[in-house]
């Protein structure tokens, strides 16, 4: 028996966490990608809760960085960055509900070297940017193309190989009236760059628009905490997800569940606000759903909470706070 | 001769800063207000550069807070806050241009007491909020309604009267593809809450969408630096502006000109990033348009730059950095 | 009659704001300067409340940057920067009291050009630093030496002259057990770089150690808001102050009074915390000493509070929040 | 063979990482505890590199919180908090050297319940504080006393037991001239509250004063990431450390080594600056000591760096950034 059968998705979902009809969204099906999360785009697909959807995602550069001699500043055309698949309309979803997305698999697609990372001027965690505005000269641009295979991992160099630990960098629902750039994470999900959004995890997203309007893209073959230079191992994939709908389970920020832990996710600047959001949501979740007194949960998480720094480079920084199921179950 | 005749608007504008045809946008003309700054709404008006437009703005609460016994949390319906007039399509405006808006007058309208300020739960500069997330209990709600007249000022109490110093709290152009909540200031202008955006000032806004798509609203009868509790003296007005178009004068953040100074405006969190943006833009402006060496401008502003804290309460904080025309002219 | 006669210093001071015995601290009297604010140094002078003390301050570089061809990185020897006069022991001062310092005059001393500003690697508001740690290359070093006279002002260039508007950059009392670098502002005062600490102002400082242990130095001939590049027009001076002692008037952060306004001063990072400290102190001061309800004061300052950004470059940023005496008197 | 034999401490240390003479510092030996890290205190012990020292540390409250009915605000006397043992003078240590401290063991001492956690007004990660200054009412005070044994762990409740995972919350060397409160972490170490500073780890500390002047205290029986409410499971211990001296190995921030990884540690506000410091130090360390090109290290850490949020509650926040020895060895 999979842990999924006892998940919140299984317990509260309209489809009870059971896989339903299968779909795919190929590049051709998708047609034009999207660069904002909003309610103004026409759904590419309409499904019922339980649907399993295999999505051909593109890399964050839409494949425009083809070789190590390409200069990102010449190839990329802001704001048309971080192309997203979707939106997928989930029948029955209304404001105040929660959309659950179980990640079944992520596999690389396309020719090798499939992975790309690079230095982009005025972008990254250790450089001045458009908002942390500096007069210092930018770093030189640099591109690394790397082979990525599920079995062989990521060939960084002759000496260094990193394991393939893929996850969805950008995933979320539509805001009610805003159209938020796909570069930004926020209360709706978006560009969180959180490695826990990987295979065999369920991410829970707030529904703010009819049909939820799920978008996703920007899969990473692996990533360190914080996504330091701003660009993980970006790669095109086939990503397969199963959706479910939790009617009336209202959440204000994304949450995540794995076999082992519950996580809440906050995105904000400065970084401490991302941590505050995540931990406050976790305190409140323990109080509302797991029988803890709020201040006791606060004291207990002080002793056993875990924090994952997802990104320190996007328009808002993202932090996940989690607690082991051994504590809250 | 008005200083305006030597302004950048006059020198670079298509209409040379000269007033053209006059228009008005009444409440009836406007119809539904907007709550996002984006390219997805139909223009309410199309004008040529030089147009003078009298706009009936509503207060930030769309008039829903009618008495001191109203509770904001019951009357307000997020995200339908801070209603905006527009968008106004300015003929000829294209991405990379600059829209100049000269503020000719602001007068209160509607029945007295016309002014409203209040405490809203989890909003304000000295309380925990949705992002500076705290476990502390919220402050009590409180509403103050005050008489506002141009001559009599703002009657705060029997003892205290504040002068009428009106300005436009929220004004900006449309982003290219984003639809940004009218509660947020950013590179496009928006909810800056900057008292310098008052009568006899020109604000320069980047054009990111065809027609510029000017929105405005949220006029304040007066406001302290930082808009401490989050709510200035909100009031409905007739606000009259004259627009002009600066072809090919590309700016990345809003700028402002008065008879006495040039200002650049940054919005970000943490607050130091707002200051960094504003000051870097000012350094670069002095270098590009006024003949300064960049590092000399940096050294000189260290001695004579002025900073206005506009808001410390909105999703991004706003700071204006300015330099006297006696220095740069 | 001077406004000083109705000041808090005059009303609450042991010496009733009346000038007493006069002293001077020459360079020879001072001997070695101090680079920390702490209780571990021997007082250079002991005085009663009311004492008037003329202090020969050195510039922030202790005179080591002598010409425009000097390189700061070669001349300066961290942490022996920002030399301070004192400590001055004020008889009768105990923890929980308040030390008032009235600034009577500041005049330049020493040979011309008396003023120095410069770019120091990894220091300043628009560059990466030791804590806002970046990989970008540092800016080039640069030194400007300028003539400074009270009458002629600051000769920046043939075209630009700035008025002489001197103030004390660094002033404060000793912490109880800490010894805080003279580069840092905090609850004890220190390196606030606040232009309001000028002639004819009273600064109120918390007393945390017996005798208060007043230190001061780092006078600036003028400075813009934020002290953008980190170095104002530094110059050696004779600075004359009058001290008084407010027994039992316990304050937690520095305050300031002029003829026209009351100000509270906060120092912290990120910058919004400096603003929060300053404004909360001001709200509480209006409630405790001027008869306002706390939440009314919060609402009122939203409409009429003023903010001065003192520095955006020191280990903590400093902000002053003020309210006009016309409002609170 | 222990990994320690191939550690940097073993390779660069004067004592080659080999244990030398043994000492103890009992409560009686210590006499008065210290509440600042500075050069103004008399050493309690002088040792050669290689010395093994068993230290009786007190808990962060110096044992003053004895029962769950105690109110922290009544028992604690700021700034006499977080009592520290030491300073220990290490013979031969000079400014520019590095002090290595290998943590051999930590065992609880004193009567049960030995562990204390609590809510202190205006202190913690999810409340307004003295610097993140708010007008909201403080949370109620609350004390939890818990049994702590190495075998039985931490008895939180009938249902929840946490494993005993002890570490040193506060450890560091003396600054050159500052005396920094033991509540604050910084470049010298101090109150980092980093769970990796546990048994079988080596922490490397910069030497800024003759003899290094090692202080330590504040051991935690366990702690979650961020030390959310500000108070971990505080407990008195016997903590045994072995010191070594790395002549001429100059570091600017603390570093840490375990069998599996190398870590750099930054402390700052806002939190992103702590992350920037830690990661920049790690990039530079990989370049200086492990043969990486600096920008390649930056790109590689983007894919495989790990971040530990140590505290989000102290005067500066602390973050550790690490890289697996499989990558850099």
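Labels for the chains are A, B, C and D, by order of writing; each one numbers its residues from 1.
One rule holds for everything that comes next: a residue touches a chain if its C-beta (ideal position, glycine included) is under 8 Å from a C-beta of that chain, and two chains touch if they have at least 3 such contacts.
None of the values given here were measured: they were computed from a predicted structure.
S.K.: Pick out whichever of the two, B-C or A-B, is joined by more C-beta pairs in contact.
M.R.: B-C
S.K.: Can you tell me which chain lies farthest from chain B, using the average of the Cα atoms as each chain's centre?
M.R.: Farthest from chain B by mean C-alpha position: D.
S.K.: Once you find the CA centre of chain B and the CA centre of chain C, what distance in Å lies between them?
M.R.: Going by mean C-alpha positions, chain B sits 34 Å from chain C.
S.K.: So the centre of each chain is just the mean of its C-alpha atoms; given that, what is the distance between chain A and chain C in Å?
M.R.: A distance of 48 Å separates the two centres.
S.K.: So, what's the distance in Å between the C-alpha centres of chain B and chain A?
M.R.: Spacing between the chain centres: roughly 34 Å.
S.K.: Spell out, as numbers or ranges, the residues of chain A touching 2 or more other chains.
M.R.: Touching at least two other chains: 126, 132-135, 139, 269-270, 276, 279-280, 283, 295, 298.
S.K.: Inside the complex, what are the residues of chain A that reach chain D?
M.R.: 117-119, 124-126, 139-140, 142, 144, 154, 156, 160, 162, 222-233, 269-272, 275-276, 279-280, 283, 295, 298-307, 309, 312, 317, 319, 321, 327
S.K.: Which residues of chain C touch chain A once you look at their complex with the stated criterion?
M.R.: Within the complex, chain C touches chain A at residues 126-128, 132-139, 270.
S.K.: Of all residues in chain D, which touch chain C in the complex?
M.R.: 35-36, 38, 40, 79, 130-135, 175-181, 252, 266, 268-270, 273, 276-277, 279-281, 283, 294-295, 298
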